[in-house]
Amino acid sequence: MVHNYRVRVRYGETDQMGRVHHASYLHYLEAARIEMLRDLGCPYTEIELQGFLLPVIDLSIKYKGAVLYDDIVSVQTTVMLKGRIRIGFNCQLFVHDAIVSEAIVELACLSKETLRPVALPEFLLRAIQDAGDSTLQQ
Amino acid sequence: MVHNYRVRVRYGETDQMGRVHHASYLHYLEAARIEMLRDLGCPYTEIELQGFLLPVIDLSIKYKGAVLYDDIVSVQTTVMLKGRIRIGFNCQLFVHDAIVSEAIVELACLSKETLRPVALPEFLLRAIQDAGDSTLQQ
Amino acid sequence: MVHNYRVRVRYGETDQMGRVHHASYLHYLEAARIEMLRDLGCPYTEIELQGFLLPVIDLSIKYKGAVLYDDIVSVQTTVMLKGRIRIGFNCQLFVHDAIVSEAIVELACLSKETLRPVALPEFLLRAIQDAGDSTLQQ
Amino acid sequence: MVHNYRVRVRYGETDQMGRVHHASYLHYLEAARIEMLRDLGCPYTEIELQGFLLPVIDLSIKYKGAVLYDDIVSVQTTVMLKGRIRIGFNCQLFVHDAIVSEAIVELACLSKETLRPVALPEFLLRAIQDAGDSTLQQ
């Protein structure tokens, strides 16, 4: 399953190069992940309410073309389990059907109470497995 | 007492107008307030540890001149009590001795537990009174 | 005419108080203004292409209630001319029909070339007048 | 040569997890790179004035430990040429002598006029070679 999220570039996300600042992409990626989780039936607020945090532990991103103010960016995301604690997201960003960026983001599941790694909650594990690219990989 | 805080403009704080985005000023003001409180003996971390929050409840700012990438901004801040719950900050921002912005910011004291307004902790009340512009005003 | 813009709070817009950081509101206000101008037939990109900039010169905002992660914020905006160079926006922010913030923002028109104040371009003047709250005020 | 840059975490850089948001690190890395270039005699403003841009084209970062509000982050950076167009930076971030993050960032040199890749200006090439980890690599 490929999830698609669209977002319009804000003025404050540009810099004096006249294009979107490279850190702003991380906010688009985050919003895309969160909407994907919502569509999989796992709103992130629910995950935190149940006592879990999902911080980013690894991120790599390639910038292949400029994104400009007012552009509409399409973020296409796939998700997969990386064992029982980590989740991997693969993202491609498009503007007007041209690819402008690719990113891989990995989250780890922490207990909100202990701040130690714990297994992902069952409802999230199952939702990600059902989403497809998700044979349990160690 | 006028507190002086200096900060260098980051690239990501500019926008495609080629100047600092207007929202970035709020981060400079916040950093200046926090360094002032630290210098008054009241580090903000300590305030939160003791169970208080100080959210901004009112802010007004005038932009009088462009601030550019790599500029060093001097934020001159005075503080005053506004009764027992609220604190007012008056700020002037300078670049190369020219005033570029003026702002007034008001914080309110909340209990971290109840999220309701409460009197400022004694150590903070006293520190602000000692800082000077601080006759207890209702 | 009251323009309505809706935006969902991003995770990165919160701070450790567990609510939206006060500077993030300025990005919502900016996006709302820009969508209003687009709906009035004056996309901001077009304004810059024609050689004008519209920096914020004055902003005041009251924070009346916490905005939380994942909330959907409705920004209701009205616009009015302030003479031939400046534009004023009045904004109210709502979450679940409760008002959470009010703001007044003033922009000035600059020539992109000289960076000096100039009269607003005719197409923008007319669009704002047609939008209503717009008797020419000095 | 290892360059060291220190920066204090701002309140607005945290999120509701109670730690620094992962996108904020990119601003620390950028500030560190820029201070390193300044110390090498190549202020970034000068680079742009001479007609060049240095956008980020590739970035990967590992988050190894939480960074908290008010922490002082030390960014240790080394730089190397990657041919005549690209520059690579290796960064390690420390808080209280514990490593909290590692990142690799690659910039490409563009002509400000054509927005096409061009060779790095001579003064920058030489400065980076002199900085050491810099055998010309294709």
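A, B, C and D label the chains in the order they appear, each numbered from 1.
Here is the rule we use: a contact is a pair of C-beta atoms (placed from the backbone, for glycine too) under 8 Å apart; a residue touches a chain by one contact, two chains touch by 3 or more.
Everything quoted here is computed from the prediction, not taken from an experiment.
K.L.:
What chain is the most remote from chain C, judged by the mean position of CA atoms in each chain?
P.N.:
D
K.L.:
Using mean C-alpha positions as chain centres, tell me how far chain B is from chain D in Å, no decimals.
P.N.:
29
K.L.:
Could you put a whole-Å number on the gap between the CA centroids of chain B and chain C?
P.N.:
24
K.L.:
Suppose each chain is reduced to the average of its Cα coordinates; what separation in Å results between chain C and chain D?
P.N.:
Centres of chain C and chain D (C-alpha means) sit 34 Å apart.
K.L.:
Which residues belonging to chain B are in contact with no fewer than two other chains?
P.N.:
Touching at least two other chains: 11-12, 17, 19, 23, 26-27, 30, 69.
K.L.:
Pick one for the touching-chains graph, please: line, ring, star, complete, other.
P.N.:
complete
K.L.:
Chain C touches which residues of chain B in the complex?
P.N.:
Contacts found on chain B: 17, 19, 22-24, 26-27, 30, 53, 55-64, 66, 115.
K.L.:
Which part of chain B faces chain D closely enough to touch in the complex?
P.N.:
Residue list for chain B touching chain D: 8, 10-12, 26-27, 30-31, 34, 43-45, 69-70.
K.L.:
Across the complex, what residues on chain C touch chain D?
P.N.:
11-12, 14-19, 21, 23, 69
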